[in-house]
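Please find the structures below.
Shared between the two complexes below is subunit A, which pairs with subunit B and subunit C, respectively.
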Partner chain A sequence: MERVELNREGLVLPATAPNVAADHEEIDRTPVRTYWQLARQRFVQHRLAVIALVVLVVLVALAYIVPLVTGPLFGRTNLAKIDAPATLEAPLGYDELGRNTAVRLMKATQTSLTIGFAAVLIIVGVGSLVGSIAGYMGGIVDNLLMRFVDIVLSLPVLFIILMIVALFGAGNVWVVIIAIGITGWTLAARLIRAEFLALREADFVQAARALGAGHRRIVLRHMLPAAMAPLVVAAALGVADSVITEAALSFLGFGISSPEASLGNMLTNAQEYFYSAPIRAVYPGLVLVLIVLCASFLGDGLRDALDPRQRIGK
Partner chain B sequence: MARYVFRRTIQALPIFFGISVIVFMVIHLAPGSPVDRFRVPRVSPAQIQRLIELYGLDKPILQQYVSWVTTFVQVWRPEAWGYSFLDGQPVLEKVVTRAPATLRLMGTALAVTVLLAIPVGVLAAVKQYSWTDKIITTFATVGYAIPSFLLGIYILFFGGVVLPQWTGGRFGFPLFGMESFGKQGDVLDLAWHLVLPVTSLAIQQISGWARFMRSSMLEVLHQDYVRTAKAKGLPRGRVLGKHALRNALIPVVTLLGLSIPGLLGGAAITETIFSYPGLGSMFVESVGSRDYPVVLALTMLGGFTVVFGNLLADILYGVVDPRIKY
Partner chain C sequence: MTAGAGTRRGRAGVRTARGVPPASGDGANLLELRGLRTHFFTRDGTVKAVDGVTFEIGNGETIGVVGESGCGKSITAMSIMRLIERPGQIVAGNVVMHGRDLLKLSDEQMRDVRGNQISMIFQEPMTSLNPVYTCGDQIAEAVQLHEGVSRRQAWSRAVEMLQQVGIPDAKRRAGEFPHQMSGGMRQRVMIAMALSTNPELLIADEPTTALDVTIQAQILELMKALRERNKMAIMLITHDLGVVAEMADQVVVMYAGKVVERSDVTTVFERPHHPYTEGLLRSIPRLGERRARLEVIRGVVPNPLNLPTGCLFKRRCPYRMPICDTAPPFQEVRPGQYSRCWLTPEHEPPTVGLSPAPEVAEEEAERLTVAPR
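Let's look at the complex of A and B:
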């Protein structure tokens, strides 16, 4: 019988090796870091992305908490306070109907963000469904699905969205969400498909297949998590795009209309007071630009953080 | 080359077919019917029924689609795209009347973009990490993040409201329209009206192009042949202009085709903001008043433009890059 010695990593050490102890010392003792720990470290190095994340979190928190606390105040008109200047409970003053501008702005941000998030759910859902089927099945299914993607990609997006929203019910939040979602999933589908084509023959997928895992398990538990990185980036940028589209729709009068508040209809409204109160056009615009800028910095940061090939600087 | 262009054009046909099916389905699935506008008390149900039969709305959907598509492609006939519900004019004629305004707007915006973005992007790349580069990159990032409609509102406000106020009404840009009353056909007047819409349409394009040009130029500047050119003592201008720029422009050329969809969507919004009488504002008006024939025609035209832009990008890439073989 042979004596087998194991070192810390569980490797079999040759029993005859003369300087076992010396080898032992050279073992890399830096703690093993998981993928997510590494990703977090890479993300933290991206200063702009961290700032963007903080700003976004604050904005999202304000947008969801302020309307919750103030209730229907965003739409309440007050004749005594028409165009009244800023006070402590209305830091941005009152508008032409005596509504509290700050509260209304937060409600509008909430509406726009909700539509953005919901549309991105559709984009990510449909995109990963189509992309994973095409990438996993390959062959004729892949070919057909990708031709369909080509067609959707060639649609004049804004025209189609405007058409859907105008014909299926302008002012309906759900119509707006669906219109943005079903025209915007092509990029996500292409990304997921590309990842799947590469992953299909990867060792760990082969291993899962060899262990007898079914298609559903391979796709959902093994391949999708591995293909997540580009999807997360696309989702971050998708929120910004959807928020812009919603604002543009509402601005043109097809999206969310008054008395409901959205960043777009606040801008339309502000346009009428160019001469008397031009500052009113600045607030919703500023929030919009802030969301878009932060989402794009966040996207950049996530792209670097989730890419395992990126090195961690000292 | 000619064979390649031909083959790509043939490949675009199924995409047109797909677009037409999707657009037709959306209109068909939408609640309401084109005859709804006749449902007023003085029109009897029998007359409505006659209209439905006249329009062929009682036929199976496949038959409706085929009859629409086969008529739609006969663009040499003035009635091919139907008649507008609003004024009864042939849609084709309305589109042809309005098209020059939009082409002028988009063309000028594109020209301004090319003329400004390429030098700016090259400058930022050549002076990488300098203050010039930082300023350009910051402006490009912010310019790219500002939605074009937002920019349109602010530019309209600044050029049409603030400037006249500052200068006591002596200097300012027109707030709306394409030409002043009584000055039809005056080129200077047309250009004057174009300044603000073109600015608001072009800034996002310029930002995107400049960023792309910068990264493309940076990539080329790190190539061995550029170092060789420098090493053998060529003057700086020659290295940058002849060795670097010409190669860096190759991927940028495809942007000419790829920026068309963005310009198209931007034009619809910009034209609406500036009340500019082009196809974009016509689309927004028609979609708002459910003018089905105009909506259909303009959406199909939009799809055609997008496909044409992609085709153009592919072909241009082959033309400027000698390494591409067909």
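Let's look at the complex of A and C:
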């Protein structure tokens, strides 16, 4: 009892007032770092992730700003400039139809990134919904949902996507996004479910229950944040996967087709000139590899940064 | 008593007022367990983890529930909170609080009871806090959940609670994560969280087991202080008789899912009746006593899938008698002291004879089985 009172007194002392208290009542003035400060510190430790973030930011900025400035330039053909070499306004030269390759590449990056990020929203959304329900409810619900996941996984994904795109309109960005989204959520669902199965038994979830928290609160406030790590990983993999799938689709002629630009259809075009101008395949290929790599590294870094249990070391 | 609760916490009072009148005659009890049975239906058979547990907790009373691991202490607590999960199931009994049977409430109503009227502290302070939220956040959440106050108010309440449980520099500490605190501090945070809503009953499931002895003493002192201040009842689950002696008013000794002895704390320590209680007391090491070996209770706890017939303790009992093959009644051996044993209050074998025919014993059991209240 005495100690309780004593501490209360000690705390009433305002931290700013010059206090004449004895040594044992000294107030620790080291600032408490907030969650986001800590997260930033952990993230900065991940050198690769930081580099990936910078590269991605540059890519995103270029991809969304350049086409905004140049307008429809990416699709404008110019017969006088067919296969023309690089100049100041076309640092990567012109293609077989006299289109500005650099501008076109930026527009293609924009399309691919849009598809990647939008599809990942669907993937993470559906995946965490199905995964958390299955993991939290367990039993027959879990069984049914996971068998459904197995069925979706056993389908030939590319074929399904091709079917959807062929049925609902090839070349439409939204159809492509939805097709990739609804076939790609299974991995996320499995990861989240596995995490939830473990978390459901965790003492702190029991404790929340004992404090009278309802199902929704337990799932949304206690379990999902704790399951952030696999979710972030799933999202990173999802971005990489979606971008690659889009490229494959466009390459096959079912995704985004000319005159619209996407990394996939740029690769298709480059194919014909593989021997005469191999560099044309390198540009979109390089951007594709960069996006996929950066997404993975960034995912790694974010996973560690968002987990407060991770130490800030070194 | 209802009025008292009403003045202390408005919501509970209102609920009681329009609820069913208390089922039992005397209103001094905060919580009554009657014939609680919680069984686990496993592939190997039914485990009767809690098998007919009856006791009551008075207002502001501290009741110590003692027994070996696996005797059903924690399951009893979980049953009160209705936190039993498959394959476990509460198959019979009542848990009456303010005249309401908690086992008959809807899930919604039960959620309101949890945390609000009954709170629980868990054994493992290291894992019972959510690692991704700050301690202050977690306490504030508990406050918000039950009192619908603003975020800011809840936070200042959380800081206040942390001060109350003796965490120095609470304002700063509230912003820290559980992993930045020691075990003792985490347990304090747990206690702060459990008490933040002013419960009428605090269930403490081995609150000090994971802590070292000095911290243990501090936590017990803290619980005592808070008990006085908040006038709440405590159900203290432990296997540490020292903790019981320190804290409890009443003691319930459990063995293999049944209450084997119940009385006030002095009687248990001075004149235990059940041989199991005796054994527990004898196996406490005493300071300054030279002895080659510590006394133990021989044998092991019976396999819950294969319990002996008759008295559950008979295989380990130094007083074993032929009559022990018949289940002994739970009888009052002295005023206020109940024991599930055939021995007479004077610890003599019962007069029915040393080897009574089974029917006689059965009859005797019938005669002696008077409901403990």
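Here is the rule we use: the second predicted complex is superposed on the first by the 251 of 314 C-alpha atoms of A that agree within 3 Å, B and C clash if a C-alpha of one lies under 4 Å from a C-alpha of the other, contacts with A are read in each partner's own complex, and residues count from 1 in each chain.
Here is the rule we use: contacts are C-beta pairs under 8 Å (C-beta built on N, C-alpha and C of every residue); 3 or more make two chains touch, one makes a residue touch a chain.
Only a predicted model underlies this, so the values are computations on that prediction, with no experimental measurement involved.
Chemist: Applying the touch criterion given at the start, work out whether A:L293 contacts subunit B, subunit C, both or neither, answering first, second, both or neither.
Modeler: So A:L293 only meets subunit B here.
Chemist: Now for A:Y35: first (subunit B), second (subunit C), both, or neither, which partner does it touch?
Modeler: A:Y35 contacts subunit C only, not subunit B.
Chemist: Hey, what residues of subunit A end up touching subunit B and subunit C alike?
Modeler: Common to the two interfaces on subunit A: nothing.
Chemist: Write out the stretch or stretches of subunit A touching subunit C in their complex.
Modeler: Residues 1, 3-4, 7-8, 10-11, 15, 27-28, 32, 34-35, 139, 202-204, 206-214, 217, 221-222, 225-226, 228, 307-309.
Chemist: Touching residues of subunit C toward subunit A in the complex: what are they?
Modeler: Where subunit C meets subunit A, its residues are 81, 83, 86, 111-116, 119-120, 122, 124, 127-134, 141-142, 145-146, 163-172, 175-177, 179, 190, 193-194, 197, 218, 221-222, 224-225, 228.
Chemist: Mind pulling up the subunit B residues that touch subunit A in the complex?
Modeler: 14-15, 18-19, 22-23, 26-27, 30-32, 141-142, 144-147, 149-150, 153-154, 157, 161-162, 261, 264-265, 268-269, 272, 283-284, 287-288, 290, 295, 298-299, 302-303, 305-307, 310
Chemist: Looking at the complex, which residues from subunit A come into contact with subunit B?
Modeler: Subunit A residues touching subunit B: 147-148, 150-152, 154-160, 162-164, 166-169, 244, 247-248, 251-254, 267, 271, 274-275, 278, 281, 285, 288-289, 292-293, 296.
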